[in-house]
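In what follows, structures are represented as structure tokens.
Look for subunit A in each of the two complexes below; its partner is subunit B in the first and subunit C in the second.
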Partner chain A sequence: MNATLAIARATFGEAIRKRVLLIILLVALLILLVTPAFEVLAVREQKTILTSFGLGIIQLAGALIAIILCINMIPQEIERRTIYTILSKPVLRHHFVLGKFLGAMQTLAFAFLLMGVAFMLVMYLTLREIDPKVVKGLIMFFFQSSLLAGVTLFFSTFASPLVNFFLSGGTFLVGNILSNFLNTIEKNPQVGSMTRIPVQILVLLMPNFANFNVQNPIINPEQQLTDETAYLVQTVAYGGVYICLLLVAAVLIFNQREM
Partner chain B sequence: MEQTVIKTVNLSKRYSGLWSKTTVDAVKNLSLEVNKGEIFGFLGPNGAGKTTTIKILLGIIYPTQGEAYVLGTPAGDPKTHFKLSYLPENPYFYDYMTGEEILSFYAQLFGIGEPERSKRIKELLGRVGLSRAASQPIRTYSKGMQQRIGLAQCLLNDPELLILDEPTAGLDPIAHIDIRDMILDLRDKGKTLFVCSHQLSDVEAVCDRVAILKNGEMARLGKLDELLAGGTVEMIAERVENGILDQLKALGGQAHLHEGKLFVQQPDDDSIGAVIDLVRKNGGRIISVLPQRRSLEDLFVETIQGGKSA
Partner chain C sequence: MKPSGSKLMAGIAALLIGQAALQYNIFPLWQKNYAPKQSTPIGLSPEQLLLAFAGFREFMAGVLWVQADGFFHSGNYDAILPMLRLVTWLDPHQVDIYSTGAWHMAYNFTDESQRSDRRYIVPALKFLEEGIQNNPTIWDLYFEMGWTYYHKVQDPASATQWLAQANEFEKMITARRHILAHAYEKSGQLQNSVDTWVDLVDRAEEEYRKKPDNWEAQIERDTTRNNLEQMLIRIVRRYGDQPETQPPVNLNFDATVKVVRPRVILVEGKLGIPTIGTRVDVIVRNKGHNMEYDPAKLQTFSFEVDKDLTYMQDTLAVRESKFRRELDMSKDPKMYPFTADEYEVVISYNPRFSSPHVQDRLGWLGEGMTDDNYLVEADQHLKPLGPDSKPEDKQSPVRMVRKVITLTRDQILMRGSRDRVNAPN
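Up next, the complex of A and B:
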């Protein structure tokens, strides 16, 4: 466990010094600070616009940070040969993968904390209130980004960074729309089982990122929550189980990988 | 009986392309033993299979055939890694960390807790001459300093075996000598060192035994003294007359007179006895007889270009 935590700390230390991640974070923070100005472009209620837009920016920045952070995580360690000095110590490969993932989560937590504080500050200064749903939205997006980090780390055990960028980005995109797509085709009696069954299988296999979008009525207009707490817990648990499965698969592949 | 620290038996590694049918045999039937307490030089030109062998010994890649044992257990066993250390060629460390932090990071990988960790780090920084640079980020270190910190991370666990890949590559002469002295000091402390290097003068100066790989196969293996023996023998004599030169040349060597002294060079020590007898018989006086040791560079070039096998 010592080794895993040491690798996680080193990963976090290195990640927060990566210029590209800092730029994404900085741009997101700047956009969040000017969010109130966008209300002039919309006709909806100021609070709805501010919440949707702000959380949307945070979601996007979180997803970009997760992908850019994790696509290089293992290939870069191999290229720079740091992995050789690490694996020549009494460190098992699963310690390494787990440490890298925990470091990524720590980085995401740091980024979400900064963006969350900035967003809530803007919200308070604009509306003189902080909607508790924003906090829930932030937490759910943090777990969404962590799941995406798990997906990207899994791909990084065998794919090059460029291929991984498209694989992870594609998975995120499909994982955000697939369940809604399934809902749509299930309501359409003209869609046959030849189309419906493959989509159902895909929904089952692909990570469902849309589940984490609970706060956003624009994205999930039909979602009626009877027990919000149970839903949030279930979604986080789903994310946790999915991440565990991804890490197990990543370790199995990485154990066989020759560097 | 000497204790074996590294042992490979018919070790082979073949790389195959995923889509193409091209295969590369990086290591072929490599069998060697490294004994406890020796400095073993592992030599070969680029692409000879040295780093591949090291990676197999560390469990970073897996052999296609054969067996490899490190400290009595199959290569790659993480428990063995408590007792060995590795310094890769041109090591890279997380350069935002200071010298002290990077050593602390590696110490945590060994599970070394406080206060032992801080004590050992301080001691090692002193030992490699980096006490004053301990709080500097590694990105500000020179190549020599990075190599020293690399060696320090190798010593954190007080290992029985050190595997060093090009430990003196790219260093200035002073850093070069320092690292070389450290290697000798480690041997004196009973450590076993497996050194991969292109710096043949260093290898010749420190190694007890060497192996030379060529195209993944063992081309030479043995004690350095034995491998480098068998060179020419030079003899100097005086009070010798010109007439003896032809008789000396007939014995297979070269001979010439210069300022009253006779200089003879024989290709091996088998014929030197006959030369000495001949000189004495002709009233000459022997001043010196010196066997000339080949250099490791000569042996290396001869092995790689001559195609001689073990």
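Up next, the complex of A and C:
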């Protein structure tokens, strides 16, 4: 366990020194700071736009950071041959994979904390109020990005960074559409079971990123939700279970890899 | 210890089943709470579509709405319409988009004389109806629907149905609750109006008792009390033992229309109302086309309007019992295409939309007025009562004066003659 935590700490330290990640974070922070420029809108619209922009930028930055952070994690260690130094010590491969992922989560938590604080500061300076529901959105986006980090790390055990970028991005895209797709199909009585069943199976198998998109009721707070707490708890549990699944699969592939 | 491949495989299988079970439970709740109400947006650029697909629907909606707001401030109203459609596709819970969009359509597409294009009122109502279907637990759009009927369509009877629904919401802004009482009054439902004011006074008294130091609560209490008192006084003045509405005043109404230039008409006439603050309505429309302001007329929302329909509505001020004004429709050929063969110019006066001091003499229902030639009785929706009218249509019919003049297309376009054309009456 100590070895895993040591790798996580090292990964975090390395990540926050990466220029590309810092640039994404900086751009996100800058955009967050300029969102009050929409002061031409009516007060309620201004709050709606500010919240949707702020959460959107944070979500987008979180997804980009997750992909760019994890895309190189394992291939770079192999390319630089630093992995041999690590694995020559009493460190097992699954410790290495888990440590890398925990380091990625730590980096994401740091980025979300920074962006969250900046967003709330902007919100307070613009609207003179902080909507506590925003925290709920930030937490769900953090889990969404963590799941994406898990997906990217899994792909990085066998794919090159460029291929991984498209694989992870594509999975994120499809994982956001699937529920919507199934919803549309279920509402349409003309769609037969030959189409519906494969989509249902896909929804049950693929990582579903749309589950974490809970921003709509935060942006439009008048909506009435059903069993919101149960939904949020189950979604976080889903994220956790799916991340475990990806890590175990990554370990399985990584264990079989010749180095 | 290095985990064996078979153990890892077993773990993967167990976790796969676990996540699928969770997803199976989550999906119905997601459908209820978070599923987009509309289908996939069409009309977004590829990068916008990508962002929307990637879960950034609300973000894209925000970007587009800011863009639409920019178009509004630069006067580019045509560009706003598709934006509205896209924004509500992306986020159907942003009620401000529905209310602002419907307002744009109903009020802001104007001609050179600042007359709004009334062909867009039905799409505006349909847009609001769609908004209500997507947000049934929010009062705002019920109110907006009621207000559009009350103020823009001038159909207070239809307005009351929506405003009454809006008033059922506890979160409804207090001052806006008053509109229901006004709509009942304007539609001739006097008892309902009094009952609404009594209810509003009770609410205001209760609120003031809770917050005696709150100036808003005090103003609301004073306003509702005053409005109830005024309503009761008006009823007594107009329908008491010695009603001020009797004997009826003869309006001696008449009107003429002259085509003075192609697509420009001069409307003039007389209306014997012995006080200022009266306006007559003028409608120029395709002959036989009675605009029905009913969202059910459209199966689904569409920005498309009948490009062959000419429908102009304006009001003329009456001064010293006369009215006279040129109505120019020459600068807006898209709005007034004049493609039909015949047109009706409807000139009318309806006491229901007059100011209170005029109504004190004429009554809410026009009991205090008569006319030798043009007096008609119309129901609340301004449709003439006919043999097929249902009993409920005949509730509190209003007495109004109306004259309809028919013009041909050639007359309006001044084809075949370079002289002024006097329209046949």
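Structural remarks
To be clear about the criterion, the second predicted complex is superposed on the first by the 244 of 259 C-alpha atoms of A that agree within 3 Å, B and C clash if a C-alpha of one lies under 4 Å from a C-alpha of the other, contacts with A are read in each partner's own complex, and residues count from 1 in each chain.
One rule holds in what follows: a contact is a pair of C-beta atoms (placed from the backbone, for glycine too) under 8 Å apart; a residue touches a chain by one contact, two chains touch by 3 or more.
Note that the structure is predicted; figures quoted are calculated from it, not measured.
Superposition of the two structures on subunit A leaves subunit B and subunit C fitting side by side, clash-free.
In the superposition on chain A, the chain among subunit B and subunit C reaching more residues of subunit A is C. Contacts of A:89 after superposition: subunit B is touched, whereas subunit C is not reached.
In the superposed model, A:52 lies in contact with subunit C only, and not with subunit B.
With both structures placed on the common chain, the touch criterion links A:146 to neither subunit B nor subunit C. Seen from the Cα centre of subunit A, subunit B and subunit C lie 160° apart once the structures are superposed, a value rounded to the nearest 10.
Within the superposed three-chain model, A:156 lies out of touch with both subunit B and subunit C [touch as defined at top]. Once chain A of one complex is fitted onto chain A of the other, the partner contacts of A:171 are absent, as it touches neither subunit B nor subunit C. Once the two complexes are overlaid on the shared chain, A:258 sits against subunit B while remaining clear of subunit C. In the superposed model, A:10 makes contact with subunit B only, not with subunit C.
By the touch criterion stated above, A:245 is placed in contact with subunit C alone, subunit B being left untouched.
Measuring only between alpha carbons, the smallest separation of subunit B from subunit C in this overlay is 8 Å. Within subunit A, the residues touched by subunit B in the first complex and by subunit C in the second are 92.
The touching residues of subunit B, when paired with subunit A in their complex, are 55, 58-62, 78-79, 81-82, 84-94, 96-97, 105-106, 108-111, 113, 150, 153, 157, 163.
Residues 2-3, 5-7, 9-10, 13-14, 17, 80-92, 258-259 of subunit A touch subunit B in their complex.
Those residues of subunit C whose C-beta lies close enough to touch subunit A in the complex are 1-3, 5, 8-9, 11-12, 15-16, 18-20, 22-27, 29-36, 39-40, 50-51, 53-63, 65-66, 69, 73, 91, 93-96, 100, 135, 137-138, 171. Subunit A contributes residues 38, 40-42, 44-45, 48-49, 52-53, 55-57, 59-60, 63, 92-94, 172-173, 176-177, 179-180, 182-184, 203-205, 208-211, 213-217, 219-220, 222-228, 230-231, 234-235, 237-238, 241-242, 244-245, 248-249, 251-252, 255-256 to its touches with subunit C in the complex.
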